[in-house]
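Each of the next two complexes has chain A plus one more chain, namely chain B in the first and chain C in the second.
Presenting the complex of A and B:
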């Protein structure tokens, strides 16, 4: 799975959690804090991604995620 | 809703433990424990002063926090007495920082009175309705505040401002103790009604905001200065507040996200 596919998966997960959230164009540099997701919603999106990827992101790694690039790196590391 | 006797007794014991520690180990005096004689003009720093003034602003809503907060828990001795003690401890926070700003010459007394008038021109209202929700809000908010003070303490110490560092050290220690009490009460609430308590935790996390938001004048600009000087950003919030709080009360993030999804469904 490449970075673009991971970003697309993230967008799908957001839509699944709350279809009302509108995400613009996203790149590796997109800050997670700029997406308008509250802390619980962010974790819901992470949960959906874990289910789809069949992985479990360690809490300590989730706490360090700043942008989409960090998320893609984490997924590559765990895959 | 009236709580049962065993629950009330458990809260009382938690309060007594909290209060004993506070009385024996944590009391400090604005007059005798701050090294005021070490104030030095060369340590003055406008960003640090602005941050201190912001904290004074947030802490200055104390009359609202106390009057509204205590009534939510007035029927529970342990929590009501905690609120009274909390008010005493918090009252020293704004006082110490305000004295610092004036004694260090970074603000005049007149400026602080003007600021006070502006602050109290607005009123803080309860962000959540029930004692259980407010307790968990307290657990999160006090820990986040502790993180901010801890960071400011380090910044002040690195600049050689021992007076400000000492103040932040004391107020931060108070905030950490308050967070601990709120977490322990939350744990009792979880034992009593796990599903309901977790639903409330999800609600609080989803709607969480620090108490000064939208109240303190120029809050956004002040927050920007706080961030620039390394305040609590989203990553720090998750790492130092969100996950540790869940871990300490024995709740998983999956339980929170499930409860959040249910809240959303029931609101639709």
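Presenting the complex of A and C:
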């Protein structure tokens, strides 16, 4: 799975959690905090991604995620 | 700095009679050990035995129980184990009153913050059953301060003990964050509404926090035992529903039912676990 596909998967997961959230153009530099998701929604999105990818992200890694690039790196590391 | 005295009162000063209705006879407000039993009373005695053994307590040793609740452990040590000099500290006035009312020979308690406690003599053994959950607040944990705060607690414990001391410690563990909205909200609600100012520690934070004062000799986790304990508490709470609603109001019953149900789920789904630790003082 390449970075573009991971970003697309993330967008799908956000739509599943809340169809009203509008995500603009996203790159590796996009900060998670700029997406307008609160902390509960962020964890829900993570949960959906875990299901789709059949992986489990360790909490201590999640705590350090800042941007989409960190998320793609984490997924590459775990898969 | 974790829970203040006012916050501790929110958690433990609802009413001694209220807690007496759904805890075991000695009023342990922590996980029991359901080894070979399904009975809450027996499970609590087994738990107290584990902590006693982990702290290598003998009748002649001078013992301190940090965060002693309504006195279950200090009473057990004095009455069932014949320990002659047992001491406890709690930050809750209601709990302290109950300990005084029980007036067990050999037991001395103080209503004081552990960090301000200045005993006349040092101790040969320590126990602390789920008090460390009050040492760091959620904000402090988020800001990366938890390990320093736990280390301060273990340092103080070290200062209060003689060389050769052992420490029987029990802690809840925060294993991972739920991924569903309901579970996240329920756990957040329990954290802020039922136990304000506190947060359950992560295992790795305790492992770091004991250094350089205590050596981890043994660790035993008991996630399922805590699930069972909470199930028993909720069962007893529900059996007293009418009385509780009459005496303390609907909100108290509904809050405690939601809190205990959240805990049953949290242990079942691995969000939380429990650990018992035998620590040896690094002299």
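By definition in this document, the second predicted complex is superposed on the first by the 79 of 79 C-alpha atoms of A that agree within 3 Å, B and C clash if a C-alpha of one lies under 4 Å from a C-alpha of the other, contacts with A are read in each partner's own complex, and residues count from 1 in each chain.
Following the convention adopted for this analysis, a contact is a pair of C-beta atoms (placed from the backbone, for glycine too) under 8 Å apart; a residue touches a chain by one contact, two chains touch by 3 or more.
Please read these numbers as outputs of a predicted model, since none were measured by experiment.
S.K.: Under the stated touch criterion, which partner chain does A:43 make contact with: chain B (first), chain C (second), both, or neither?
M.R.: Touch status of A:43: both partners.
S.K.: With the two structures laid over each other on chain A, which partner does A:12 touch: chain B (first), chain C (second), both, or neither?
M.R.: Neither: A:12 stays clear of chain B and chain C.
S.K.: Between chain B (first) and chain C (second), which does A:33 come into contact with in this model arrangement: first, second, both, or neither?
M.R.: A:33 sits against chain B, while chain C stays out of touch.
S.K.: For A:61, decide between first (touching chain B), second (touching chain C), both and neither.
M.R.: So A:61 meets neither chain B nor chain C here.
S.K.: Comparing chain C with chain B, which touches more residues belonging to chain A?
M.R.: After superposing on chain A, more of chain A is contacted by B.
S.K.: With both complexes overlaid on chain A, does A:3 touch chain B (first), chain C (second), both or neither?
M.R.: So A:3 meets neither chain B nor chain C here.
S.K.: Would you tell me the residues on chain A in contact with chain B in one complex that are also in contact with chain C in the other?
M.R.: Touching chain B and chain C on chain A: residues 40, 43-44, 47, 59-60, 62.
S.K.: Can you list the chain A residues touching chain C in their complex?
M.R.: Residues in contact with chain C: 40, 43-44, 46-48, 50, 58-60, 62.
S.K.: Which positions of chain B touch chain A when the two form their complex?
M.R.: Within the complex, chain B contacts chain A at residues 202, 205-208, 233-235, 237-239, 242-243, 247, 253-254, 256-257, 260-261, 264.
S.K.: Residue numbers of chain C touching chain A in their complex, please.
M.R.: My answer: residues 175-181, 184-185, 202, 204.
S.K.: Which positions of chain A touch chain B when the two form their complex?
M.R.: Listed in rising order, the residues are 17-18, 32-33, 38-41, 43-44, 47, 59-60, 62-66.
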